[in-house]
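Chain lettering (A, B, C and D) follows the sequence in which the chains are written, and residue indices restart at 1 in each chain.
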């Protein structure tokens, strides 16, 4: 049987990354996976290679409209739409289609948090797509619905949950995540021009304003009964892809470097896509470019009495499109790692 | 039978790129290809992941010395050594081992040109690794020796040979190639510091001084009896990977845009790794990052009476490591395209 | 007497650069020059520091409308408007006001060339603002009208006129200019996003399509009776500021390296803002960032029988805003070099 | 009387930046300041423009040796040497010469902290060159000795001292500073190659290992009797110049946004080189490139109960060379702001 896949909102960066990965997926190369409709709104009728010349394999394909008819007849539908459209489309598709949502709509379980940060009615929550969080892989296997995590929450959660779970830190965490510019998406704006972003650094959506803040708190909250408090500061840096997360929190009594190392080794020793670096080597975003990896390092700052965890991901791969394909593999009962590169495009 | 592969000079960027590709090669994933010795000089004994943290699959591997004993017992040996060492190693390995040389040693057929540009004795010439040049694919199939082309000659040759062969242009060509910094290799130098290269552009090895000049001339000379003259100007730009080549030459009597388009369609219509872009779209290096593609566009500048051809490659993939793997596939009688991505890591 | 200066179209990059320079101009610091109205269209009423936080000296200033009343009462008016508006504003201002136009409107003397490239009626021509071209400084001294040159023509003309004037080359020139992204201005577009321009290179407006092509030809035509033919290829590179121009042309009979060096030494020996680099050193754009300099190198490529001239400018300084202030100084009868840095902000 | 200035260690980035500023200093332009010896070690005899082509005004100058004879006869000597050489040179120069040390040697007052972080004997401490810290301007006026601050401590101290002084925060601060690559200096290394730093982000000298950690603690300790604890994480980002500092700390009881804003307005209302941005605008490093400014924003994160302060400086200007010239002005009794640009080279 051939699995037929559609992408709604294919013309953005998330859609492009999913396509890049699917076109190298062994199931695509063997004919078990077929790429069906590629849909969008303002670009309907445009040849796909004009929008994505980096994927010449799609020569001859044209963008179709995002509507019920076009999306019908697919086994898997990825959604790369602006926030707020996923519930309606999922309902149209029916319960038997695997829907993998790259928007935020179904990430938060707390309706109040959703309404505070997104300003609209809460649509509910779906299985959350970080298989490396204890308990989540099982929910994703065979699921028909997936909420792909935000890019910052992916980097921050993989950095911190083992420490929270092991009781190493007070759950009041300070997270500063430095990100490349592709996280802002493919829409025209003066602030995101090359002229305004090359050769410059700035923080934005600071002091609790970023929508990924409650998502980080929700994730860490699964591992402690204490209240989780997140200070989150995103910083924009001049590179296309990559998020470098630095996370600090006060050490709990008795926690030390050996316990920290042990907790992370236990958490990630069997994970393909999280690499706990040898001691003394810091994560570097170029090492994960185009790969589905999260590189992690953990240290104790004895002077400050804090744990420091750093992580690196590619925001478009492990941070979005790679996670989406990893979850598709799980939902279909395929090899979880199929089609997902471990090697980064460095330098 | 398992093919066992070694890389001599594995710690540089060419070696790293070959490894990145091999680790995703279907023959590696199925066990038909085994990665054997990874050798170098000054880094012997170093864990490979300290030198290449972007390849966590190599955890546990250690750099070995580049010597006869270590390289014995392999079916394929890639050489990523400084110029001048290849002949000696090839002799030690014997005639039955496939030797794929990423250095310049066996690229030039003209001993005088070699001596003028490299200042040492000419070692000879091997089958030249651009399968897309007419006649070369046949030489590479089943060969035991491959000279992997220089990165600039790859971009310039793929841009120009169809025009020379079709008699569209006078074979006096002006080539300006703008390159990312990884072409300079992984060796410490003040001129190649991030501080000196970010936010800056400069030409270098200008006015015929660059060693790739005679290689471009040799390649184009295969398609004309007239004397080929190459004006070559490399320009260093602030990006890690990518070469954007602009090539101009005077149009011959009667040549026009339609003839030019036809010549390139004929040249590349059946080629997997050269993509003649739709009219009106210029090659952009981000579209080929990490891929084995060369994107090409051809135009007539009627005002100046010239043909303009532009091409984009990733200097480390199609420009080095990807070409090396493509040639390995041909030498082994495997599918030429196996393990080589067409999709670029964009944006 | 205090000179009062206005900038119409102050919110773009040209306006910002003129302001940056004026705020450090000795006449401003001593009170002889006053910064009057800063006008624009869509941003009227916006605090200037919101648009230009890099100029905190302008705290308290607000953008005013670009109209006759607001611009009245100034001695000098810089125009940083889109093409096509300058003639009307200049007429409103009257003949006694110094009008310095950063748009293209009055650069071309040939009405046919204007209409072909700009598609509207030709407005005429004004004294052309490259004082380093023989004959131009005299026209600019005391003038009331200045056409500030295009950024590419500045780099290309300073690279080539001495060779044309000295009869060293055939006046069929190939110019490839690699530019930073600020040349595209401060307007929202997908193609100029950081994501699309960082980590990438592409040619654009190729094969004679770029509007600066006839301007280069016009400039070089002042130095020869032969027909000038320009092949011009602009390439976009990932840096904010800077243009690196490479220019080649066939050497005339008898021209050699010594004659070339002598011609450039004679041309630029007394010029403050053109620096003929010592032999063996190539221009590098970081060395002119923020300065009003053009760095030049000239070489003979004996293999190709060509002259190669390379030049580096900051497209916003010597390429626009610095040239504008230099011309203001000449128009006012002030020291030509006042307020214009020679030192670049490197690295 | 003409002031004669020498720079020992002129060939590095700090020396180059001091020279760039001095060459535009009004005292230099008027002849009151003369640039004397430019000394270094390995580059003795090299023409200065070969090392610093961005400063063509120095054509004809040659690097001299850093010795007593060469440095004799100057009124001001800037030291841009590796740590550990300043005491000996200062002794040779005698007590009447103004010595401005860009190395760390005389920054720390605590001998134990010095020995822990620098591993050598403590040389003592000199007046510390952040005039905007209360009490320091007075110490710098007329001084003969200046310890120029580290670049990270400049950004972090200007971000935090007003909050500590006003009792707004617990003095346990978390500082994450993202820096451009020029902070690593002009010495060859693989880790600082363009290939390794462009397109990448990484933390380094983490968890209390960075030598600037005790310097930040010392500075903040001047404003509280409580123990100051600093968690400091530097992150390397792909740009030449700029430091973006994010600093967080728990709010003290009763502290709120209004009090925070008031404290920073009071601290910086009269300062030329610290610009408290209007509310809602974040500091961006491109806005301070080449300028002596520090841009600051202060916010309360009510969710996390923390104060967030962000600051932007150019690490080579306000972070090193500009601070050095500002201190020279104070030491000489000149206008403090002379020769120091407020406007940044943006974009």
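Heads up, the rule we're going with is that a contact is a pair of C-beta atoms (placed from the backbone, for glycine too) under 8 Å apart; a residue touches a chain by one contact, two chains touch by 3 or more.
For reference, the UniProt names are A, B, C, D = N-acetyl-gamma-glutamyl-phosphate reductase.
Because the structure is predicted, anything quoted here is derived from the model rather than measured.
Asks: What chains do subunit A and subunit B have as common neighbours?
Replies: Looking at subunit B and subunit A together, the chains touching each of them are C, D.
Asks: So using the touch definition from the top, which pair is joined by more C-beta contacts, B-D or A-D?
Replies: It is A-D, judged by the count of C-beta pairs in contact.
Asks: More than half overlap in residue numbers between the two sides of the subunit B-subunit C interface, or less? Answer same or different.
Replies: Mostly the same residues form this interface, as more than half of the numbers used are common to both chains.
Asks: Just curious, how far off is subunit D from subunit B if you go by their C-alpha centres, in Å?
Replies: 45
Asks: For subunit A versus subunit D, what separation do you get between their C-alpha means, in angstrom?
Replies: Chain centres of subunit A and subunit D, defined by C-alpha means, are spaced 38 Å apart.
Asks: Would you mind listing the residues of subunit C that make contact with two or more other chains?
Replies: 13, 182, 186, 195-196, 198-199, 238-241, 284, 286-287, 289, 346-347 - these are the residues of subunit C that touch more than one other chain.
Asks: Name, in rising order, each residue of subunit B that touches subunit C in their complex.
Replies: So the residues of subunit B touching subunit C come out as 172, 174, 176, 178, 180, 195-196, 198-204, 206-208, 213, 229-231, 233, 235, 237-242, 244, 246, 248, 282-287, 289, 299-306, 308, 310, 312, 346-347.
Asks: Taking the complex as given, what residues does subunit B use to touch subunit A?
Replies: Per the stated touch rule, the residues are 13, 16, 19-20, 23-24, 26, 47, 49-50, 52-57, 182, 186, 198-199, 240-241, 275, 277-278, 281, 284, 286-291, 293, 295, 341-347.
Asks: Show which residues of subunit B lie in contact with subunit D when the two form their complex.
Replies: It is residues 13, 181-182, 184, 186-190, 192-199, 238-240 of subunit B that touch subunit D.
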